[in-house]
Each structure stands twice: as C-alpha cells, then as structure tokens.
Amino acid sequence: MPDKPKIGFYWCASCGGCEESVVDLAEDILMVTGAVDIVFWPVAMDFKKSDVEKMDDGSILATMVNGAIRTSEQEEMARLIRRKSKIVIAYGSCAHLGGIPSLANEFEKAEILKYIYSDAPSVINKEETYPLTEFKHNGRYVTLPVFRNIVRTLDQVIDVDYYLPGCPPTPKLLKQAVLTLLSGELPPKGAVLAPDYALCEECPRKKTKPDNVSFTQFVKPHMMLIDKEKCLLAQGVICMGPATRAGCEALCINGNMPCSGCFGPTSRVKDQGAKILSSICSNIEAKSEDEIDTLLNGIPDPVGTFYRYGLAASLLRKKIQEGK
Amino acid sequence: MYSTNGNNIPRIGFYICHCGHNIASIVDVVEVQKYAATLPGVTVSRDYKYMCSDPGQELIQQDIKEHNLNRIVVASCSPLLHEHTFRLAAEKAGLNPYYFHMVNVRENVSWVHDNKEQATEKAKDLARAAIKRVFFHKPLEKKTVQIKPDVLIVGGGIAGIHSALTIANAGKHVYLVEREPTIGGHMAMFDKTFPTLDCAACILTPKMSAVKSHPNITLWTYSEVEKIDGFVGNYKATIKRKPRYVNEELCVGCLDCIEACIYKEAKYPDEFNLGLSKRKPIYIPFPQATPQVVLFDPETCIDFKSHRCKKTCIEACERNAIDLKQTAKFEEIEVGTVIISTGFKTYDPKLSPQYGYGKLPNVYTSLEIERLVNASGPTAGEVVTRDGKKPESVGIIHCVGSRDEKSNKWCSRVCCMYSLKLAHLIKEHTGAEVYNFYIDMRTPGKGYEEFYDKFMNEGVHFIRGRVAEVTDWALVPEEENKLTIRVEDTLIGVVRRIPVDMVVLSVGLEPREDASEIRRMFNISCSSEGFFLERHPKLAPVNTFTDGIFIAGACQGPKDIPDTVAQAGAAAEALSLISAGKIELEPNTAQVIEKYCSGCKSCIPLCPYTAISFKEDIKKAYINEALCKGCGTCVAACPSGSITQNMFEDEQIFSEIEGLLKFAGIELEEKEVEHA
Amino acid sequence: MGKTIDVKTFALNGTANGRGEIHRRIKYESELSRDFKEKIAEIAYGEKLYSCIQCGTCSATCPVSHYMDYTPRKIIQMVREGFKEEVLSSSTVWLCASCYSCTVECPKGIKITDVMYALKREAISSAYHSKHFPASVLANSFFKQVLDHGRNSEGPLLLKMYLKTNPFMLIKNMKLGFKLWKTGRLSLKTEKIKNKRNLNKLLKNIEKAEEAEAK
Amino acid sequence: MLSSDKKWEPRIIAFFCNWCTYTAADLAGVSRLKYAPNVRVIRVMCSGRVDPQFILHVFASGADGVLIGGCHPGDCHYSEGNYKMLRRFMLLKRMLKKMGIEEDRCRLEWISAAEGEKVKSVINDMVEKVRKLGPLGIPKRISKIDKEIKIIEKEINPEEAVEHA
Amino acid sequence: MRYLYYPGCSLKCTGRSYEESLLAVLKALKIDFVELNDWNCCGATAYMAVDESKAFAIASRNLALAEEQFKNEKEIHIIAPCSACYMVLLKTQNYLAHNAGEMKKIQSALKESGLSYEGKVKIRHPLDVLVNDFGLKEITKAVKHHLKGIKVASYYGCQTVRPLATFDDAREPVSMDELVRAIGAEPVDWPLKTRCCGASLTGIIEQVGLPLSYIILHEAAKRRADVVITACPLCQFNLECYQTEINKNYQNDLRIGVIYFSQLLGLALGISPKELGMQRLFVKPEGVYKAVKGGETVYV
C-alpha cells in the first residue's frame, strides 16, 4: 500500500468551532483517519512550526485552514502551509469570508486596542500599558506577532484552492469534501464546496412563504414568539436565507432562528449584504420617506446584520477612516 | 442567424464621430481614437466626420467584413437618438445588432462642458467603459409583438378630429373620446381664422359631422379615459361615459325639451360662451354641437335638487329620450395605438392683477372677444362693452401670460396673429381706434407677414411696449371713466397713458390643468413647461417615449390651426404601425436561471406587470417574457443573483463601472473574457 | 485716436440762442466701454440684465420715468452696449426712488432697482458724477452721518443737504421745519449708537476684506 | 499615466434611468447647459435596476461619489421601480454611514425628462460637496493597508515574498 | 413668543407717532417685545447708493446683535416697522443667504468685531405680526370702538410689500385692508395702494416728488376715503406734511388725514389719541374721531 495522502489542519483567528466540527464527524473520523495521514493539526497534536518547515514543499495533499488572518503570525503560517500543501482549503466562514472576527473591520486598530486595554469596563489600566510587539526581558528580545490593521480572509493573503463554507461547516460537507479530494476528481479551482443556490431551496418553511412578502415591520427574534412553521421573513424577522448559499440544510431555521448568512453568497453575487438589503428593501410596503425611515429603525445594525460573517470579503472590506 | 465572427475573442471596432464641430470642437476625437486603439480587444479604431451618415455606416460595415469585427462601439450622440441606426448598420453587415454599444460624447460631454482637456478625458473614460462592456455582450433575438388595428384618440379638437378622419379614411377603426359634450374644441369658438380670415365654422363643422357619420369612427363625447393598461399594439382602455341624462341614440336634437324647460328664461352662465350669455339646465353647447344631443346640468336642474319639478322637458320629448336615472357607463376597448390630442388651456389673466381682469368689467380675454365677434355668439357678433356701449377705442395687449418669468416663460406663438385678427375684426365691427401693444411682432408663416402688413394699412396702432398696467384712475380729464393703459412707447422712448373703452388681453397658451394626470395615465413625459414631450423635436415630433402613444396638436406645445392639422402626422405614425402589423421591441427582458433560483419569492411582488409567477411544480420563479418590459428591478433585487436581464447583465454593468474608473489611477485587473 | 471729422454740437448760423443747436447722434465703437456691462452685472443676479427684451415694462411702471433723461429700459440697453458716459451722467439713476415696482414687474426677473444702485455707486466713484445733484448729495451725507454716528438724524441731515445744494430750499422749508419741531417730529440733535467702536471695526474689516478681494 | 499626478478631481459615477433622468441629461445637452465634467453616466432602464452592489462596487473601485437619477415618485415608467430604489437607498445610506462613507457621497435624485436644468444643478452641487469631502480612494486606502503584509513578508521570509505578489 | 423691536432712525424722529402708536397697540394686545440693544441705522436706500458691501455690513450688524441678544430664544423675530428698514434688513438677509461668498466675508468681519451672524433671524413687518401671528379674529375680539361707517384707504407704499416681502402680495396687498375690516371700518378699493409717494425725492426735487404725493391723495379723496392709513414713516410724512404745499401748487383744497395703521387700530382698541401720538398730526383725521366718539362701544 502506498503512502496515505497527507492532510493538515490549521487555525488562525477563529473560535475553535471549526476544529470541533472535525470531531463532529463522529465515527466517520475513523474513515478519514483510515484514508489519510494527518500530519499537522496543532489543536489536537503537538507539531511545531519547525516540523512543518522541514517537510518537502507540496508534500501535503491538502490543508484545511480555518480562521481569519489578523496577525503576522497567522499570515506567516498561512504562507508556510501554502508552500507545503498542494491544495489549501479555506475552512469555515472565517477563512472563507472573514467571519465574525472581521466585524472588527468596523473599527480601527487603535480603537480596538484602546477599548480592550483601557476602555473596557472590566479593565483597569491606569498606566496605559499596551502590548508591544517587541520588548527586552532579562537582556533578551521577546517578540509578539503584529496585530494587523485589518482582518483578512485567507484568500486575501494566500492563494486558496477551495472553500468549505459555514460556521462551522457541517460534518456532511466535510466528509463530502474529503471524499472528493481522495477521489482525485477535483472541482474547478476556486469552487465553494456547497450547492450554488440559496438556502430557501432546502428550507423546510419554503412552502409557507407568501407570494407577496410585503414588510410592514422588522422585528428581532427576541422580540416576539416566533411561529415554528412559518417563513421567518413572513413574520418580519430578517432571515438571510434568500441571499445565503445552501448546504447547511437549514440548521438554524430548524432551531427556530433565522439564517444569519454564514455560508456566504452564491457564486453570482459579489456582496452578500448588498444583495439581501436590496431584496428586503425592495419589498418594504411603505412609500413615503418618513414611513420607510421608521420601518428601517427595525434594523438597527445593518452592517452587523447583513455582514455578520462576511465583512472582510465584502466590497468595502473595512470602515473608512475619517480624515484621510 | 447572424455571424458571430468567431466571438470567443472580441474583435472590437471603435468609432468616434466628429458630428461636424459638435463633438470635435470640444473633444479631441483623434486623441480618443488613438487612445481606444491601445485598449485590449480593439482591432479597429477610427474617427469620422459624421458616423450616422451613409458613408459612416458603411465604414462600420466594411470593417466588420474586412477585419472580422464582432463588437462595435460608436461614440457619438445620445443612444436615444441613433442607437437604432447603428444597430441596423451592424445587422446589415451580418453582425448581431446587440454586439453594438453606444457612447454618448455629445449630449453628455461636448455640449455640456467647455474645458477641452477634461471633456476629452471624460470621453476616453466613457469609451473605455464601453469597450470593456462589449466583451460581455451576447447575441440576442428581437422580440416582436402584434399591433391591434384599432386606434384610440383622446381629445376631439381640430387635432383629434383631423387625425380621426385620416385614420378612418384609411379603413381603420377609431375610438374618439372627448371630455366635453361636443367635439370641436377651441376652434369651434372662433369666428374667423388667420391668415385667410375664412370662417372657422365653415371649415370645422363639415369635419365634425363627418366624424359623427363616419362608419369607422366610434364617437364618445362627454367621456373620459378612466384607465389604460398594456403595451404597444395591445392597449386595453376603460372609457367612462358620463351621464347626460339623455339617451344619445334617441335624441335627435330637436331642442323641444329646452323650449319646454320650466325655466322660461335662461339663467345659468353658458360655458361655451365663457359666461357671456346664459343657458338653461337642459341645453346644447352651441347650435352646431356634434353630436346633436342635449344634456342636463344636474347642478342647476330643479329635479336633481328637489325632485319636485314638473318635468315639462320629459313631456315635450316625443322620442322619450330623457332618462333622469341615467348613470355613468364604462366601455372597455382594445386598441393598438393611442393618439393624445388634448389641446391647451388659455392663461388665466387674474394671475396678472396689473391688467385688472375680473375687477375692471371692460377688460376681456381674447377668447371672450372671439365669442363677441362671432355671429353665432352671445351678442350675435356685435362688439359691445359689458355696459352695452360700442367701444370707441380698444387696446389689445399681447403676451399676457407669455414671455414672463412670473407666469409662462414661453412665447405662445399664436397671440400676435390672433391679436391682429381681432384688431381687424373689432375695427370692422365697431370702427373703433384699435391699439396693439406688443413686445415683438411675430408673424412667421406663409402669408402671415402679409396679414400684418394689411392691418398696418388699415390704420391699427402698433405700439411697441409691454403694458405695465390697466387702471381706472384718471390723471387728466380725458381719462375719466375710461380704462387707462400705461405703457412705454419704446420705439420713441416715451411713456404714454392711453385711455380706452375696452381692453383685450391676448392670453397665452398653457398645458391643460390635468396634463400631468394624463401624462401619468399614458406613461409619457412632459417638458418643463408642462406640455407633452415628444421623443425628438425633429426626428420624432409626434412620438412619445412610450411606443404606440402619439401626440398631436397643442398638447405638445402652442400651435396654430395649420400647424395643428399638419400634426396629423401622428395619424400617419399610427397607421404605419398598424400596417406593419407588428413592432420589434428591445429584447431587454429578464430571465430566471432555473437551476439557481431557490424559490425565495422576493421578486414576485416587485413586477408591476405581473410577469413573474411562481411555478408551483418546481417551486421556482418564472418570468413571462411577453409581459416583461425590462425595467430590471427584479434583477437588482434577486438575493441570490439568479435573475439576469438581457442588455443589462450584472457583468456588463460591473465591467462598465470598472472601465470608467480605471482613470482613477488604479489599474484594475482586466477581467478574464468569459463566453457562453 | 485720430482727429474726428465731426463735432458733437454746433449752432446753425444766426440761431445761437440754443434753439437751432444741432447734436451729433452717432456713436463710434471706440467711444464705448465694453467692460461696463460686466462691471454692473457683478451684483447679485446682475447677469439677468443680459436677458432684457426691451419691453419697457420698467419704464411704464416707474412713477418717475417721465422725468428721466433716459427711461430705465434705455438705461439697461445702454449698459449692455457700453454707453458708460451717458448712463453715469444721466439724471435717471438719481431720480430712481427705489420703489422697486420695476423689479417686481420685470418679466425677465431683472433686478432693475439694484442695477440703479450699482449705477449710483459707479457714478459716485467716477468722474461723471455731479457734486451738486441733490439726490447724490443726500446719499453721500447720509453715508457720512451713519459712518460717524451709527444712526441717521433727519434734522441735521436735511440741513446739510440744503446747505450744500440749494440754500433757497432751506428758507422755503423753514416753516415746515418749525411746525415739525413744534410737534416734536424734528430735532437738530444728533443720534448716536453707544458702541461706535464696534461698528467702525466692522466697517474697517469689511474694507480690508474688500481690498484683499480686489487683489 | 492618468490623473494620479494631476490635481485631484472628484470622480462620480451616475446611474440614470433611461426615461427620465437620462433624457433630462440629453435635454441639458441639447440646451447646452454647462456643468462640471466629473460625472460619468451609466444608463439603466429604470432606477429600480440599480443594484446596491453596483454602488458599493463603484466606491470600492475608486470613485468618490455615486449619483442615482430616477423619475419623480408616481412618474416611474415602470410604475414603481423608483420607490424600490428609494427604499434600498435609504437603508444603504445608513449602512454606508456606518462604514464611514459620508452621506453626500451617495445621492438619489428625482429628475424628470423636462428637468435639464436640474441635471446641471444637481451635478454641480454634488461635485462641489464631494470636492469638499476630498478623495475617498478606497483602492488606495486598501492597497496602503495591504502594504503591511508585503513588508512583513519580505522581513520574515524573503524567499516567500517572490511567490505571492 | 417674544419679539425684538427694531425702531430705526425715523421712528425716533419724524415718525415718532408711529413708534408711540405701535408700541401702545402691542402693549394693549399683550404682544411681548423688547427693543434691540444698541441698534444702528439699517443703511436705508441712500447707503446702498454709496457702498454695497458696507451697506450689507451695517445692516447685518443689527442681525448679529439680535442673535446675541436673543441667543437663548428658540426663534428670533425682529419687528421692523419702517418700510425701508424692513426691506433693507430683509434684503440683507436674503442676499447673504444666497451668496455664500459675501456671507463668509461678512461673518468673518463680524467675528473680528466680536459678533456673529448665522442667519437665524426672521424679519417681520408689524402688519405681518398682527395679521398672521396675532390673528384678525383676536383683533376683532379686542376692539372697543368698532369704527363703523368710515372709509379707509390703505396705502402700503413701495417697500412694505416690494420686492421681498412674502406676507402679502406685491401687487395687490390686502393685509391692511383685512385689518381695517377687522376693526369694523370699510376699506376703499383703489388702485394706488403701492404706488410711490415720491420718497426722498419730495424733499429734494419737489417738482418730481410732490405730484406723486398729490396723485395718491387726490385719488383717495376721489374714492371718498375718510382717512389714508400707511405703514411707512416717509409715506406718512410726504402725504401729510406736504398737503399745504400740494394745495398751493395744484390749486386744490385737499384735506385728508394720513395716519399710521397703528394709530387707527389704537383708536379702535380704545387707546387715547394722545397715547397714539396723534397730537403731532398736521391734518386732524376728523372723520375717524367722529366715528370713535359716535360709534357704539363694545365691552369685551
């Protein structure tokens, strides 16, 4: 038997949920470990950077990188992985689109540091001590990774071959992806390994959506008792389903919560937030500016609502800093 | 099928037009041409004096053949003007016409800027955007629709009457809808017409009765268009026929009922005579009214108010035509084309209080004078002031409600001529001294200057100056009990006060008050002054921006009778559509890409034409192309990008944006060329 | 300029009493001030004067146009065509009582009263201005008084004006003045504002800004 | 080679509906009204076709402002496309504000086919307002930020730098 | 609401009784006001003839003073009774509002002299305040002597309604006539409501000015007006004080009272002629006095 193909996992700016999702494969993980050699998986096994550096370039078949890129260390590792792997897969919303961490792009780096290290209510930092990337300790220089000015998606830093969407990707999709990789019949480069239609297609509540969704109000899920059968948009709850790629089999909706868009847009859409905005607003009932305005107060945080997982991958990417 | 000239690799022909000096004097066309030649995909780049001319078009056709071009970009005037011309040229050379794109460097550039450098930069940007855009163009098939042969004409003045007869004589059916109880419009009020001074009634009444008796014309007076839906060739209209309380089929116009009305004396102001005479609650607008059918005014008829009238009118009607319980009737018709000829209204001189209209009794509008001099008018043609006296001197003030920023800015075009006519008629009827106060005398037209010349010789005074005020305060004895006109005789440079017995205000022409509602109903546009907007003042003067809807007469702008009648061109346009039997429409419709549609239904309520439906069997949206008019709203709103619009695909617009912004000093990556 | 072949005014033989005077009524292009209209059009909405259609409404509505040597309509045309000398030395601008009826009535929206003000200012700052024309003297005296005291005191103002222009008028109006004084409607006291320095400073600042602008 | 070395001029992209505003722009041309040359017009059939993505893409591609012109409410050639645009526009404006893009940079105007004069005044006014705001220059800002990864790339791993440019 | 009151120079001199009567009326109607501190001349028409920028500058000082004095008030309304002051202040405000360059210049000049103007001030004519803020119905309610039977020719003069006022029509103003009707008198319908009285020309070029005043008085008398009311100190002065001169020149026996609208209103409100400054008149408006005495007294 020839050598089993080598597979790696790595995490950048992420919550760890993606790693969890690998374990969620349950007994199928045996199938995976049977078929491949996991040569690099810091969260589960003790590999050092130097171990990877020693590997031959391109010797790993595929590495699944989750998490967004915020620091110089993540960037460095991403590059190293790129060099060692034939295929790099952006795994999960953060690597794919920036994910929740990229909501930080609504703020400047300085603002973030200031809040974390001095303004946050739980912090007392009278001396205004801020982390340094380099300092001298016992006569030796110690360095910390640089905190970048912006959160990036993986493909904004390195070349990415495939994307596995979701926060986190479902075990089913992961299993399919691994099988595809092993089959050798690779999809075209850049493919998102999930269906290319929107979530409504596989939503169990699809049939309850009326032909004429005319919004007269917007409510947040905690503000009402949500009907468990009825389309959420028909109840005035913002559901990203129509603008979000299918593949999760409507997990959140089955939990009686609206889709928040973690699978990102379909291939034909450049900006998921703009599209859902367009679709929802077009169907607002009000005609006068005042009425529309009042209605829109029901969406107090449009950026957080429409770009919850994708600000880094959006067209604007980042809030514009004033005065530049 | 069209050749695609191996369209996998775009071979673009770029042409920029000098348009004589129109473009070339501001835009450095040669520089743009040279610049375009450097852009990816451009095989041929040329500049030419007049691209729209035959040699210009041939240039394109030749290049298509010689250089195997498969995309054409022409930078010239507005696409609204010549897009069709160039598409046709490309088509003739065997290229699908939708591989063409037009850049507007005249209306959008050379005519609106004067900095040559910036204008040239802008032209380059626009050219680059178009060149980038045509990479993504696709061959399309034109959509054709059938034209229903019937025509709806709205408004039965001379414009409507003439158009109706033209079309009816060509053997097509016309529905002529008139709001008033009779057709004839303003012209029916006139006594004589300029410049021939022939009797208006003698010309008009035969035409009116021809309309009434024409087998191809359905005449609905006292009726209004309530609603219209559909699109070119296939309009569906609902006509509201207001109740006259008299059965139109039975009434023969004997007028016995009017005689029998319990009001022995007429006591209500007569609309047709502008209140200069009285009528009864049952009346006919004027003796030659067409149709010859009486009508009730429920506002003044006793029976409508108290139900206690003896109803002598009903008794008097031998044909039992009176039906006091009549209600509005609604007629539904299907027509292929519509001609709007709703005419004008005259300026209300009460809005110019300095002339005293409405306050000083002997100040009249020109239209009132038309009635006064008319042999069938309220005074049987005798010109007398309101106190019954024959005026010894009359002042005619031109440009009331014209050429004035406070009322209407435009020249109403007909006032000089009709003022001359009235001056003559008043002089003829009364022998009074007649003064014409004018700003500029405008008599362009066949026989018009001669008309002016004639009355100068008749001894009419012509004073060049705009009257500042007409007042009844006297400064000197000769002004006592007279109306005094204060004016600068600008040719002498002296201010004059001229006492007269009667003042005629030559009121200007304005759009009808409800022009805006008509515009909305028929989906056409108005120009800034409120008259209906023609598609092009020279190339399409009776067309509107809505296919199949034409305009004729003074609803498009002030016009005299000869010009109005000449606008029967609207009829010709309608006829040409009808005889073609079908019309090609822009194939800019939208389609749902079935395999991508998730069935979210976001698009369904957005379509104003209900072209989008939900296919229950496959749970996906579907666009009926025949109903789609190509606005693209659903495309913009589709949250998963699963609807596309021909000619305005996302990719095309994105590439246009990118093309435009390359000048920002940012090198955007050239998109990979993708093709179906 | 070379010698001109005709003279402006000459008397016919034997009729030197002025009745037989003959005036030249020709205008050469070289006698015109082409930039005059631009100067006048600088005022707010001044460019509107270019759209004058010479209808004469202004002259006809003007309560005093019959005393003017050129009617307001003519003035507009003369401004447009650069008849600077005639315009600035005419009585028209000083007879304008600022009643604004021309401004209200003008069909082209020309602010004729404001044009007249502009001409008054031009006349004062130019050589064509008559130092003894009472209306301009009044304007100047008024200007000076407000500059000095911040307010205008009608008594001293009129006194000054009559002295400068026509002392006979003063004597003629003595009776009226006395009656006014008796009813408490006229005083020879000069009214002043308290914070004169503030006003002076403001005017200085404006002057400075004007100068800076001119540069 | 283009305007980068010249004095900055506002760059505005306009989406004009075919029936009203584009026609009005033609009218402005025919009337020879002169206005600022900073606006490039993209013709769409209806303001309802203007996808918010277009607006974001315009900003992201380096423009300083976006102008959308449609028919007056009630006058839309397609009955209500302009209302649909208005609703999107109102939320988009809130979003843009959160993303630090000033209100004056994105403008929706109703301009009827007759209002050539309004095309001129709106364009001139917008160009002036955007000029006051200064350049938005998103691509420049982003590429400036992106320099941080290129620099570090060279420092840490000189040989990597070559691979990904 | 409290108003700022800007008297202007004339109301302190020839137009004294305008001030006296207007203030008495405002007090009687309980309309709250306070005089603008240290106001200066508006610049009037004469100033404009000499220096435009300075004319706007001195006028704007008043506006700036108003903003300072009323900086804590929600709205700043200045009552300017003199037609010329009203027009000049309005014109200045309009001009600055539409001319950003000039506004900047004036603002910075004001700033350097310790003042500021932001354009918050509203210039109001007392007629506007009485008719539109206070209301005709309220005025009728407050009337003590209905002036029945007297015919009043309302004379607005030039600058009250021209060229910028928006509270009334520039050609056919009606506010004074409505006021006349509200106090029970009868307004005369006549065409010379806004014709020029001769303004400053009467005093300086009599031959031009006097006939203008004559025309107005003649027509008012011809239309059987008992009294002419005005809203401008210069109009009142020309029409009243020159009547002897007019009679001398035009061989007429004109004698018609010319009073301020505020005086007429004051009489109707039951204020004594003295409080209204009517002892200062040259021509006593006998018809009006008779109507007050003979008219029924209504106690509210």
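Residue numbering begins at 1 within each chain, and the chains themselves are lettered A, B, C, D and E in the order written.
The criterion applied here is as follows: contacts are C-beta pairs under 8 Å (C-beta built on N, C-alpha and C of every residue); 3 or more make two chains touch, one makes a residue touch a chain.
Every value quoted in this text rests on a predicted model; they were computed, and no experiment measured them.
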{"item": "Neighbouring chains common to subunit D and subunit E, by label", "value": "B"}
{"item": "Farthest chain (mean CA position) relative to subunit A", "value": "C"}
{"item": "Between the pairs A-B and B-C, the one where more C-beta pairs touch", "value": "A-B"}
{"item": "Whole-Å separation of chain centres (CA-atom averages), subunit B against subunit E", "value": "49"}
{"item": "Subunit A and subunit D, separation of their C-alpha mean positions in angstrom", "value": "29"}
{"item": "Gap in Å, rounded to a whole number, between the CA centres of subunit E and subunit C", "value": "26"}
{"item": "Touching two or more other chains - residues of subunit E", "value": "171"}
{"item": "Set of subunit A residues in contact with two or more other chains", "value": "269-270, 275, 278, 280, 282"}
{"item": "Contact pairs between chains, per stated definition", "value": "A-B, A-D, B-C, B-D, B-E, C-E"}
{"item": "Residue ranges of subunit E touching subunit C (in the complex, touch as defined)", "value": "9-10, 12-17, 38-41, 43-54, 57-58, 61, 87, 95, 98-99, 105-106, 108-110, 112-115, 158-159, 162-163, 170-171, 194-196, 198-201, 203-208, 212, 241-242, 245, 279-282"}
{"item": "Contact set on subunit D toward subunit B in their complex", "value": "2-4, 9, 11, 13, 18-20, 22-23, 25-26, 28-30, 32-35, 37, 40-46, 48-54, 57-58, 61-63, 74-75, 77-81, 84, 88, 112-117, 120, 137, 139-140"}
{"item": "Residue numbers on subunit C that touch subunit E, as the complex places them", "value": "43-44, 63-64, 67, 95, 97-101, 103-104, 111, 113, 117-118, 120-121, 124, 134-136, 138-140, 142-143, 146, 150-155, 158, 161, 165, 169, 173, 176, 179-180, 183-187, 191, 193-195, 198-199, 201-203, 205-210, 213"}
{"item": "In the complex with subunit A, residue positions of subunit D that touch it", "value": "48, 51-53, 55-57, 59-60, 73, 83-84, 86-88, 90-92, 94-95, 98-101, 136, 138, 141-142, 145, 148-149, 152-153, 156-157, 160, 163-164"}
{"item": "Of subunit E, residues touching subunit B in the complex", "value": "169, 171-172, 190-192, 215, 219, 222"}
